[in-house]
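Going in written order, the chains are labelled A, B, C, D and E, and every chain counts its residues from 1.
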Amino acid sequence: MVDWRLFDPLFEYARKRSMWIVSFCTGCGGIEMPPLATSRYDFERFGVMPNPSPRMADLFLITGYVTPKTLKRIIITYEMQPDPKYVLAHGSCPLNGGIYWDGYNAIKHLDKYIPVDVAIAGCMPRPEAVMDGIQKMMELIETGEADGWKRYKENYEWYRKNQDELFGEGWREKTARRWIPWLMDKKKEVKEE
Amino acid sequence: MEEITFKVAPESKVKKKPSFLKPWLSLKYLFKKPVTIKIPYESIEPAEGYRGFHTLDWNKCVGCNFCGQICPARAIEMTWIEVDGKMEKRPHPKIDYGRCTFCQFCVEVCPPGALGFVESYMLTTEWNEEELQLFDWVPIHPDKFKEIQETYRDWRFPVEKIKFDKETKEVTYYLRNGEEFKFKILGYGIRPPKPPAKPTVKAEEKAQAKPEEKTQTKKPELDAESEKAD
Amino acid sequence: MMETALKALFILLYATFVGFMFMGIIRIVTARIHRRVGPPIYQPILDTIKLLSKKSNITHGVIYDFGVLYALGATILAIMFIPLGNIGVLRAYGDLILITFLLEIPMLGIMFAAMSSGNPYAGIGAQRALLTMLAIQVPLGFAIVALAEFYGTFSTYEIVMAQQVSGWSIAHLPLLLAAIAYDLVLQAMFGKEPFDIMIAPGEISLGPMVEFGGKHMGILQIQHAIALFAETLFFSNIFLGGAVVTTFASPVLNTIASLAILLVKQIAVLLVATFMGAIFPRFTIDQAAKFYWKWPTIIAALGAILASL
Amino acid sequence: MAEEVKATWPKGEEIVSALLEKAPYAEGSVRRERRLEFKVPADRIVDFLRTAKASGFELLLQITAVDWPNEGEIELVYQLFSISHGTHAMAKTRVPRDDARISSVMDIYPVAETYERDAHEFYKVVFEGNPKLEMPWILEDEDREAGVSHRKDFDMLGYVKKKYKILDRFDEDKENYVI
Amino acid sequence: MVSQQELIREARENGMELLPLEKDTYELFFGPQHMATENYSLILKMDGHRVVKAIANVGFLHRGFEKLAEYRPWHTNIALLLRICVPEPDVPEAIYSMAVDEIMGWEVPDRAQWIRTTVLEMARVSAYLFWIMGLSFKLGVYTAGQWAAAYRERLMALFEQLTGGRVYHIYTIPGGVRRDIPGDRWLRELKDTVEYIKAKLKDFDNLLFENYIAHRRLEGIGVMDKKFALAEGVTGPNLRATGVAYDVRRADPYLLYPELDFEVPVLKEGDALARAMIRRFELEQDLYILEQLLEMGPPSGPYKVQDPRLKNLPRLKVPAGDAFAHVEATKGDFGAYVVSDGKNKPYRVQIRGPSISHGVRVIEQLLVGARLADVPVILMSLDNCPPDIDR
């Protein structure tokens, strides 16, 4: 068969120049995504574009603080993305808690729960800074240093342990079932009488 | 009785008629120049007075911890520093960009005007412990910061790498223009550190001090705060 | 035999390449209307390479894999029947109805795959795609009938040849009406606004495509490129006169010239679709169905009646 | 051309006296221009709000709960606004802190359901008659069970330390954690 | 013949779950990872492409601001509370500052009042442009959205020069504002920008607000009537679309608004189209207000209250008391209730975002019977802003 490793430089170039973003604005940095995606900064010049489906996406932008409730969805979405996948964290909050350092509902260190490749400073980062982060991410992809997805696979137990510590065991099932009784109109019957 | 009058817009002014043809007019922009700023080939400068990274005049700083008290994110920690074997007389603020919200209230309240800020805002690093040290620094002198900024004009962080030795608490700044800058962190807090710094004992003390802390949090008194700080 | 195989291979490669360029053109032109720079023209190729080089792949069983290949295969088959200037493999059998049918069944393949993925968004998308397909049948049928009535044949190649004599189809009033109806139908086939109801990123997250990732999506991108080429080619053949160049002595030159003429016509068709997509919002599915059964149907039926008179 | 609309706003004192006539159990005062304040006993709040709605306070803007641990009470502030009078009014009522119960005002202002869910989640006030109190609102189940609330005795920093283990990336033994 | 209802009842009485006898529906988890909702989730029970039941699942952005604010000094809370409404962060700043001013008994100087009014109006314009972007992306006419986002950048640049921040301005503080206007050049640039956006408004009309298909998409969905809207606490343009002329700038005047001339748009239909038209008209009026403000010119004088207590910000103590202040944001009536007990930190801060009524009960009721395709449009036409609800 063909030795696919021959094509690796081409693949890396394609991965670098065609990063699709999960359209999941997780925090206040989401307000800077529209300027970036639209005419003023237009990151589609580098082939970066938001994609509604996580199955096709490569890049996950953690735009700012992350609450545990969102983190659950982030982890599920992150796991849905096919390898290789990259994570770029915006601003102070994912790094060390940011202004919510004493808040009970904001994650302090994001890298305990999912691997992150690039960090940008700022609250919130200017679009230019985010562009700089994307450039940095491209460099890392080309040199093969953006290996967060490998780390996640290798240290899956550790990440899983941290996640379970934070959310409690079996949080995936619990989250999925949480709303079913309320959808089933059980309460409505009581009200009708 | 109070009488007021205000204007209510008539419906005809508010409502619009649907049209099939008018949207086609927008195609005129096909041949106009795009409004895009082509970063990284073009750059735009932040406005004058944009709240970016901090600067600190080490000689002016009196270590009053006003900045630490006003900081909404508690990103500022007063740090006792030893430069070239000589301890600075007053502690200096150490700013954590993993917390800082760039509100610059600290600059506003600084009584001697030692803290300042420049327009630089860009700091991008790979996410590993070594590089993340860049996010935690004692700001450098404004003149030096501005000098570096004038040379590069790309609004980046002036330090390329910060090496922090956990054993000796020695910090080395590798500035972008090749200079190196070394100092030693002796301890944190308002009060000067005790000469024999024993981290293990300290940790125990902290564990004991914890219940006290909790009681104090209920009555937020800023004066109590500066006392308790080691 | 060898020659036919080579021809087929050439058509396939040419169609894929030009199709990808078309995707790039759509993105650039849309970007310019948006007043931005937009991606480079080869961006869709990079996207496809990236998707094909994904290291992990999710599958939902045989039908899921098969549906995608089925879509690609049907599109490739369709491209073989459409006359491409002087080149053609099966153009002699290029029946109008057959080609129309072959251009539509890729959607069925995607729907198989989408339905077997079990994602509710994919299910809704598949429903919408089916309803859109149903809705476009009526104007499409009338447009085809108009053509067949006018030229008295169902063969695409003969229609192209007839146009070399009598001028472009759209120069005749009945066929102009049919062309307008067909162009509106093309909008749905391209998946552009106002009829991109089946993918609707803001509503159902790409609909049928929501579960595709990695190689499946890569194959779908290739399919989309070829389909773009095939649809524009078909339209320019039957309505815009196609291209049969015999002025040069060398057959190679003739071929190149006819390909170039076709390319210009195809891009014109593409641009109209892109413009319409850039300035109109999308309909809801019931509005789209009503729309198709009203205006394009009336126009196409009028064309058919006029043609048969 | 724009049509001019004239509105006459009665003086605050007039509104208060008119309202107090119908609801003698309440106390009312005028804070300043267009700001009124009423103090209502907890068991009459439904009657009072019904009267208030009838006399022109159409909008319920918010139900604010304020915790006063020293007095052992939780104060509920119903923020009302009257478009016809151009006046904002606060209806304040107090319930005991240990057994914070009050009847829901959903029948008068349906939107109160949302505000009551909010106050229930963060101040553990039970609104009798609101069917959605148990429905998940902002907090996650594990936080709810752990007793997160906005009451004054909730030790936030302690909870944060317990939940997220370490607080500071750069100096784990940073001590200056006083808030 | 037994009716289906009776069969179901009988089955339930005997403890049998005969769900298939009922109409077959399916659940759709709409968000938060979805282009239309962004940090907000709707749990929909669907029958075909119609919604049978909708539940709003909120709290993805909850950070506990109201608790956090109790631990930070008075002024510092500005840096915290403005995060409640990201598209127009000046509104939480302004209401908090107004409430604190009232407790302190500060008379804000004229110049500060002028600057505050200007900043609020600029925030309104930029938020409306942001809303145009949202609406056009949800409708699928991406061109208008791209333009709106690009034109909004001009206002962002002006904000940057005035306040030093692009999105989070941290500018309006109790007692005035933090900085003075950076000179006449800024005023000229603001004038240019207002004229520029005013000229571009015609393009938006052509492309979006007079677009035939956009009208077809918007009309007749998400219809509210006056009674329902008042009972559900709907405010802002959404209420005005049902025929109530309620604008906080007129009903409870603050800052310089009594001196300014503008028209309050009112429509009776109460559907998404009416709401969109009202918002479009208000954008026009906001530009007109900015023109008037520029004509008026900033009054001379200090931009901050002259109070010796302001010298020591960390220990600034506010006398015991409480106050409520609200302003008209683009989303509706934005209010703050601040309680002080005489310390250097607030005792209680409650921010009332308009979306807490729009985004929960109103949307749950408006969505019943709506088509799936209309869900994002209704959400956008209400201009639902999730951080308002979560806080």
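Assume contacts are C-beta pairs under 8 Å (C-beta built on N, C-alpha and C of every residue); 3 or more make two chains touch, one makes a residue touch a chain.
Since the structure is predicted, the reported quantities are computational estimates derived from the model, not experimental observations.
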item	value
Set of chains whose contacts include both chain E and chain C	A, B
Shortest contact path, chain A to chain C, counted in steps	1
Reference chain B; chain at largest CA-centroid distance	C
Selected interface, B-E versus B-C, where C-beta contact pairs are more numerous	B-E
Distance between the centres, which are taken as Cα means, of chain D and chain A, whole angstrom	36
Distance from the mean Cα position of chain E to that of chain A, given in whole angstrom	27
Inter-chain centre distance, chain A versus chain B - centres from mean C-alpha coordinates, in Å	24
Centre distance in Å when chain D and chain E are each reduced to the mean of their C-alpha atoms	21
Contacts with 2+ other chains: residues of chain C	31, 33-37, 201-202, 205, 278-280
Per-residue multi-chain contacts in chain B, two or more chains	4, 6-9, 13, 23, 26, 29, 34-36, 38, 46, 72-74, 96, 98, 101-102, 132, 135, 220
For chain D, residues contacting two or more additional chains	2, 5, 86, 136, 139-140, 156-157, 168-170, 177, 179
Chains grouped in pairs wherever the two touch, ordered by label	A-B, A-C, A-D, A-E, B-C, B-D, B-E, C-E, D-E
Of chain E, residues touching chain B in the complex	71-73, 75-80, 141, 143, 147, 150, 157, 160-161, 164-166, 168, 170, 178-179, 182, 203, 205-207, 209-212, 214-216, 245, 247, 250, 261-268, 277-278, 280-281, 285, 313-315, 343-345
Footprint of chain B on chain C - complex, ascending	29, 31-37, 275, 278-280
Residues of chain E touching chain D in the complex	57-59, 62, 64, 66-67, 71-72, 102, 230-233, 235, 244-246, 251-252, 263, 322, 324, 326, 333, 335, 337, 339, 347-348, 350, 352, 356-357, 360-361, 389-390
Complex interface listing, chain E residues touching chain C	26-28, 34-36, 46, 49, 136-143, 146-147, 150, 207-208, 211, 213-214, 216-217, 371-376
Chain D to chain B touching residues, read off their complex	1-11, 86, 152-153, 155-158, 168-171, 173-179
